[in-house]
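The two complexes that follow have subunit A in common; it is paired with subunit B in the first and with subunit C in the second.
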Partner chain A sequence: MTVARTWRTRRQRYSLVGERCDHCHNAIFPPRDVCPYCAEPAQTQMALSGRGTVYSYTTVYDAPAGFGEFAPYPVALVKLEEGPMVTAQLTDVSPEEVTIGMPVEMVTRKIQEQGEEGVIIYNYKFRPQLQRQARAA
Partner chain B sequence: MAKQNGSVLLRPQRAVGIVGYGAYVPRYRLPASEVARVWSGRMDTLPIKEKAVAGLDEDTATMSIEAARNALARARVDPHRIRAVWVGSESHPYAVKPTSTIVAEALDIVPLTSAADWEFACKAGTEALQAAIALVGSGMADYALSIGMDTAQGRPGDALEYTAAAGGAALLVGPAEESVARFEASLSYVTDTPDFWRRAHAHYPSHGQRFTGEPAYFHHITSAARLIMEETGYGPADFRHVVLHQPNTKFPQRAATMLGFKPEQIQAGLLVPVIGNTYAGSSLVGFSAVLDVAEPGDRVLVVSFGSGAGSDAFIFQVTERIHEVRDLAPRTSDYIARRTVIDYATYARFRGKMLMK
Partner chain C sequence: MRPVYIIGIGQTVVGEQWERSLRHIAHDAIIPAMRDAQIERADALYVGNMLSGELTGQEHLGALIADFVGLRGIEAMKVEAACGSGAAALRMGYIAVAGGIHDVVIVAGVEKMTDTVGSVTTAGLAMAADQEYEAAEGVSFVALNALLMRRYMYEYNVPHAAFGYFAVNAHHNAAGNPYAMFPEPITLDTYRKAAMIADPINLMDSSPICDGAAAVVLASEPMARAFHNGRRRVRIAASAVATDSLAIHDRRDPLWLEAAWLSSQKAYSQAGISPADVDFFELHDAFTIMAALSLEANGFAERGRGVRLAEEGEITIEGRIPIATMGGLKARGHPVGATGVYQVVEAVQQLQGLAGRNQVHDANIGMTQNIGGSGATIITHILVGE
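Now for the complex of A and B:
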């Protein structure tokens, strides 16, 4: 990813900002010019909840250039609560702990470091939903 | 020592408080016994049980983002009304380029906000809090976000490697009438003391062995705590909870005893045995653990310590609103309970301690 492109897309990458179609009202991610559901152009920006479930996953052992330091890491298709399917890295989980249907939530993490002197790129990833402890009444 | 208004206390013109708070502690834990196994072989003098370690894809920016999301979830405030994002840390990911703009962008606080990174060893976070109280207290802003967060590094085999940990908390300061903890007073106490430092291009910090205890930690913490109690007229019995900076288990316990506090008063905020010393995050994440359990009316004393050296002391009183907001975000204990133990080799990889080229 170039510095210019990561800068342009920072809102969707940091906090999963997508769109809602003004015509068919579907949630859209990533944002785009034309609605993928009804082909109409107008959309309204909307922050997605970040909650979803693992639809499918795989483990990357042989990572592409720039991602090697994080390997091995799981990559999943995450079905978001609002509907869209997102491809994303999973984090805070070892590959053998991942299951289909696992509830996950969005977090913002480092995805790439462009060398010791380059920029650090942050992006959404998903982790298993944080368990809340039982509360005393 | 009297100041212009006749008091050494710092108090704003307008009543303020904490309107939202949020903790973050990463998932991984390195037992102190693992450090001892590799370096000293001595299991009898471990300073803590285990410390929290950030994952490969975490840094002060990502951890601050999560803590701040928790604070805003509790505050239920429109992010565009926040006029400052101030992150205190000694492990900012860049030497030049603010952590705070990354946090402000991720929380949709940009662009009409002040943003800056604060530096004062382990009290960078409470310096940010002092400034946030002042900004809101002066009427310049309705809300200001202060964060103390670190991914602390210790030189391999050094005493600090047992404890140097990752974590912290975010506090959103706002009007007193919306607060979960009303601010009563604060005080700052600093001197030039060479107890601990890191030069600009050094990877690991250094410390002046005999300086770390009496003239540094104990002098500044107890002076700040005594003065704020003297000036406000409170005694040890007036506080339900006390949070002191926690470089190890013994220092805050001893300082608390010196100040006349009972062990149960520091219990709720004493996290160092199970998460380590989170540096700029230490006193603030202890405060967040206190807010997780405190009752309306409880008075809380928070005293940080930063090497170099100084302490900030704060007095807050918890309000009825605490019950409304507490469960709008994960509690500090939820993060502490989420733990995956790692060995020294995994830790060395996570913390970049292996020479790759």
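Now for the complex of A and C:
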């Protein structure tokens, strides 16, 4: 990811800002300006809760160039409670503990370091949900 | 629209061709195809390729390859649709001849994937996915397929070992194909013991990184008659493309290849046939899960039953719907942008009775299907022997 591209998508990467369609009211992430459900314009911003469940998961051992230093790492398709699905890395969990249907929540973590001259890129990842304990406390 | 015929075929052995460059392997497929068709010139050359810019620093393949094979001056361009680039180039050639723009067109698919180290090729292949919301998370192309396979196993309660029949069939058929990368048979035990790449996908679920090129010559009916080489005539009875979202997470149902269904429905309608009429199917088995999903979305198996078709032996040369008859992507090899043209070359071999010990008995109608990405571009062709 180039610096400009990372900066441009910062609201998605740091706070899961998507859209809500004013016509069919579906939640949309990532934002795309035209609703994929009804093809009407959809530009009303909406921050997603970041809570969801694991739809499927795997582990990346042979990482693409630029991601090698953190490999192996678990990745998942996460079904968010508002409806959209996202592709993301899982964190704070070992691959053998992950199951389909597991409740997870979004956190902000480092995903890539581009060497001495480059930027450090932060992104959303998902960890097992802790919010029940947090609310109890 | 005018009928379109395939009057010549050519292909290189698939593998690690370190002694030959991108332009050389294109040459090694195009010249035999032109010789097979007995032509010296063509109206146009369309080149299917995905990764030449990323892996060899070379774009502008149309003019480069036209010049290199002695066709300087003709219309030429590259066509790109990720791993579906080969069939996309064929689609362009088909449109040109069917639409009456050209009479003789060469379609080549070429890919050079072994000049770079593995991690660079892996990052290149991830360009078929959504760069900002799939690849940016460090998810490789194999991992995307692993996400589909895991969910499939969960929803339909299919054990991993059952997918092994796809790999065994592909390798068995590759053993009879002199152009295949892996002409060695494997057993279910080989499959079970293969190294894990991105669980549940192991080495034997996956097609290999390799180099290769294939070419066909298309012609209008008068030109096909003029250049008839004595073999059975092969007509393209259907050509259809459909699309879906690049990202798996944007699909309404990730386990349903909507674009396969859309393009095959169009193709069946153009050819006036149903799936039951297809004598063999060269499908896009880049991973065993893709073979299962393809059988389902194209009407050969109920949802969740694609793997069962393999288990029951229906996908072998003698089965109800033979697939990967010359080894498929798994064992012939998957030089990504060339694959769609290899499939068509092999379909012509089957229809002309040139498939040797892999010959499908009474093969009259063959279907080929090339997939770009994890299902975003799906291109179906139906070929008929006349």
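Methods note: the second predicted complex is superposed on the first by the 130 of 137 C-alpha atoms of A that agree within 3 Å, B and C clash if a C-alpha of one lies under 4 Å from a C-alpha of the other, contacts with A are read in each partner's own complex, and residues count from 1 in each chain.
Note that a contact is a pair of C-beta atoms (placed from the backbone, for glycine too) under 8 Å apart; a residue touches a chain by one contact, two chains touch by 3 or more.
On a predicted model such as this, the values are computed, not experimentally measured, just so you know.
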Practice task
With everything superposed onto subunit A, say whether subunit B and subunit C fit together or clash.
Solution key: fit
Handout entry: Touching partner for A:118 - first (subunit B), second (subunit C), both, neither
Key = neither
Exercise for the section: Would you check which partner chain A:30 touches, where first means subunit B only, second means subunit C only, and both and neither mean what they say? Expected result: second
Exercise for the section: Quick one: classify A:59 as touching subunit B (first), subunit C (second), both or neither. Expected result: second
Handout entry: First, second, both or neither for A:41, with subunit B first and subunit C second
Key = neither
Practice task
State whether A:67 touches subunit B only (first), subunit C only (second), both chains, or neither.
Solution key: second
Exercise for the section: Would you check which partner chain A:103 touches, where first means subunit B only, second means subunit C only, and both and neither mean what they say? Expected result: neither
Exercise for the section: Measure off the angle at the C-alpha centre of subunit A toward the C-alpha centres of subunit B and subunit C in the combined model, and quote it in steps of 10°. Expected result: 150
Problem - Touching partner for A:91 - first (subunit B), second (subunit C), both, neither - result: first
Exercise for the section: Would you mind checking which one, subunit B or subunit C, touches more residues on subunit A? Expected result: C
Handout entry: After superposition on chain A, the shortest CA separation from subunit B to subunit C (Å)
Key = 12
Exercise for the section: Determine where on subunit A the residues touched by subunit B overlap those touched by subunit C, and list them. Expected result: 70, 111
Handout entry: Residue numbers on subunit A that touch subunit C, as the complex places them
Key = 1, 5, 9, 12, 30, 36, 55-68, 70, 73, 75-77, 84-89, 95, 100, 111-112, 123
Handout entry: subunit A-touching residues of subunit B, taken from the complex the two chains share
Key = 27, 55-59, 61-62, 65-66, 93-94, 102, 105-108, 327, 330-331, 333-335, 337-338
Exercise for the section: Mind listing the subunit A positions that touch subunit B in their complex? Expected result: 10-11, 14-15, 17, 47, 69-70, 91-92, 107-111, 120, 122, 125, 130-133, 135
Exercise for the section: Give every residue of subunit C touching subunit A within the complex, in rising order. Expected result: 118-120, 122-123, 126, 132-140, 142-144, 146-148, 150-151, 154, 196-201, 245, 247-250, 254
